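Labels run A, B and C following the written order; every chain starts at residue 1.
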Amino acid sequence: MTVYFKKREVVVPGELLAEGRYRSSMGTYDEEGKIYSALAGLAELRGNTVKVVPLEGVYIPSEGDLVIGTITRVAGNNWKVDITGPYGASLHANNALRRPYDDDISRYFDIGDVIAAEITAFDRNSGPFLTLKGRELGLLTEGMILDLGPAKIPRVIGRSGSMINMIKDKLRIEAVVAQNGKIWIRAPNAPTLDLAIKAFKMIEAQAHTSKLTERVGAMLDQELAEIKETAPKTTEIESEEEVESPVKEEPPEEEPVPVVEEERAEETATAPIEEPAEPKASEEEPAPAEEAKAAKDDDNKTEEVIEE
Amino acid sequence: MGDYSAEVISNIDRDYIANFLDAGKRIDGRAFNEARNTEIELDVVAAKAEGSALVHLGDTSVIAGVKVLLGDPYADSPDQGVMMVTAELQPLASPLFELGPPKEPAIELARVVDRGVRESEMIDTSKLCIEPGKKVYMVFADVYPLDYDGNLIDASSLAVAAALLTTKFDEYTWEDGKAVPTGKKLDLPIRNSAVEVTVSRIGQHLVMDPSLKEEMVQDCRLTMAVDKNDKLRAMQKGGGSGPLTLDEIETSMTMAIDRAQDLHKLIDETIKARKKK
Amino acid sequence: MSPETKPDFLINPEGLRIDGRRTDEMRPIELKVGVLKQADGSASIRQGNTYILAAVYGPRELHPRHLTINDRAYLRCVYRMATFSVPDRKRPAPSRREREISMVIANALKPALFLEDYPRAVVDVFIQVIQADGGTRCAAINAASLALADAGIPMKTLVPAVAVGKAEGKLLVDLGDEEDKYGGGDVPMAMLGTTGDITLLQQDGSFAKEELVEAMGMGVTAMKYILELQKEALKSAYTKKVAIEGEELDEYEDDLETDLGEAEIAGEEDE
């Protein structure tokens, strides 16, 4: 029973990590009772599980993940969505719009539009497939998008959302943190936006160090104090839609996207159904927070449509 | 539309860039007439190429290598040497480049850089003749982008200029019906040099040395080749079908001439600082 | 242009090679990781005058679709030489030699990769020879291994490679350009770093069986050395990425928050 590495030591592919009754986990493989690294990254031991954490990586979809993507094509009743990584995603109109909807679905979302969506299905043979039916999902407009890569996202969120919530509280920004590595930020003014970007870039650079939340918090406090000294008004400006609400769930659930109506999820559609919204109006959203059960039946159809 | 209309840029990115420009700024903090950090490394292929240079323009990097070969002159210019610039957009430099033979962007890159060299009469091809009608020197400047973050034309033309200015090749004479090496090394017969400067139009704004994201939202770009005497020698409007007003063209020219002076100085200083081979 | 003339001797009376090396001596090797920004992973190698860049993109979506494989990623290697990388300018279009070498490099690397992790995707390896001075396919493999690791492609092991050969009766390690052209044989080899399994083997020239076995043994020794250089290059590049000024990482500090991937562990325990 031997471990051949120190905590968070940089290891490389083929390096022998452990021998004996250890379990091989992500970033490692085992051969004849020995566990080797499969990646260049940081070796970790948790209990008797050995894993290697990569510093970067591509996004591999997982059902339930919140992702931010850009629409690249419209094909019949589907939008092709770039969520980065090796697997392009598809969004079927039934998972985004209420029926009846127009034949030309580009009226609702078109090439270049950015959406926050959830992965409903993904396996080795097909997908991933997306839905816009859910709280916090829908069209994103204004603001800016940072791409930090999926490997950094757990750190951006922090344990039970501690990091992202701290940043949002201190800066009073809106942010959507997606599992595929993208962060959408909307800030009330330019200095605040700059600070938010600085905070996220700091996390990106130091993702593998300890006490990062404290350091990011300290940096923000210091910068905010300086801003207050030089321009007292700046931090008082209210953002148009203050949609703060404490994160109740584990990541990847995030703050509601401001452009989506704050409908409570899981409610069946007894309320009057909105007609599919006007084309690409930024405030309206044909992304109702209703169970996507009906849409699921169409998933089989979705697959056929997507075949190329 | 930028050069790569196949690649979709998100509306958020597009608006973000436009908002910055409207506020008089660029997303990377540069002024409209400011170029990215520019570096030239010489002699990067010293053991096999007659001349070579690697240029870093921000995160864009391009390598140019010069080979001087013996060849037959063109029929209509029997006492002139031959000069040609080629370029290949290898997929190693960008996820936007595909495998396969050069397509229009690569061809345009090669031809625009070539025109800068040719129209400025940089190389006196009449001095590249070994035996009229029989043997001349052929000068190939080949461009390989290694990392594409916008504005390959400017980076490539700078690399080609630096590589040609530092080229050394074997001298040949004509004896008994064939070319014979003399054992001496020659410099290229240089009369001038031109560097290309590109200005993009994004909406109402003109920005020099566009980064990749700026190229992807540009309406069009104007590339100007400026020689050591501040003369314009070649121009190319490309990168999209958006039009330009005469005022915009004139403003671009002013930016280009300014920048070209800095570039010519940079080339001179880099060559001076170079250790003797 | 520079006429390539055969040197008077490849091994001098003192038993040294034209660049002064002993027969079992390698050229100086310099490996750098993460040299390109656009590529997902990259590395450069200088081995004597040979200078090569390797870039990896992937896993990413594969076009054309007819190449996709259902249960694994498709490995695509493209080896290209710059026109100016050799004394006689190489024509720009891909040559048959380049295409064969591309295939041979792919076969050398494939056994080391866990391609099953990314069905339907492609892992692209692009090799650009900037300056060619012998042993380019082997140097390319040395760099490509690092570029793959830098891109985060899961691998069983790194893959070192070297060309052995002979000249004037002596067995040589790490052939230079003249030795390859004018010597008595060229044997490029590559192996899996962990197991020693040979994944690239070609040979030309003329060898007695015992000679060839001995030469390959010299190759294995050289490759073990190169493997250490590869590991070192990768570790030092990654250690730089991880370190921040003045921060000491406490050993065995039980700070759950620092555990990047905490979410994954929580997920895994449900399996």
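We take it that contacts are C-beta pairs under 8 Å (C-beta built on N, C-alpha and C of every residue); 3 or more make two chains touch, one makes a residue touch a chain.
Bear in mind that the values here come from a model prediction, so they are computed numbers and not experimental data.
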Most distant chain from chain A, judged by the mean position of its C-alpha atoms: B
Chain at the geometric heart of the assembly (C-alpha centres): C
Pair with more cross-chain C-beta pairs in contact, given A-C and A-B: A-C
Averaged-CA centre spacing for the pair chain C and chain B, given as whole angstrom: 31
Averaged-CA centre spacing for the pair chain C and chain A, given as whole angstrom: 36
Distance from chain B to chain A - Cα centre to Cα centre, in angstrom: 41
Touching two or more other chains - residue numbers and ranges from chain C: 60
Chain C-facing residues of chain A, complex: 6-8, 10-15, 25-27, 29, 36, 38-42, 44, 46, 49, 51, 53-58, 60, 85-88, 124-125, 151, 154-155, 157-159, 162, 205-213, 250-251, 308
Chain A residues within the chain B interface of the complex: 70-72, 82, 111-114, 140-145, 184, 190
Parts of chain C lying in touch with chain A, wherever the complex brings them together: 40, 58-62, 65, 70-71, 73, 112, 114, 118-122, 149-150, 152, 154-158, 192-194, 230-231, 234-235, 238-239, 241-242, 244, 247, 249-253, 255-266, 268
Chain A-touching residues of chain B, taken from the complex the two chains share: 8-16, 23
Residues of chain B that touch chain C when the two form their complex: 44-45, 47-50, 52, 59, 63, 65-70, 86, 88, 90-95, 98-99, 101, 140, 142, 144, 146-149, 169-170, 181
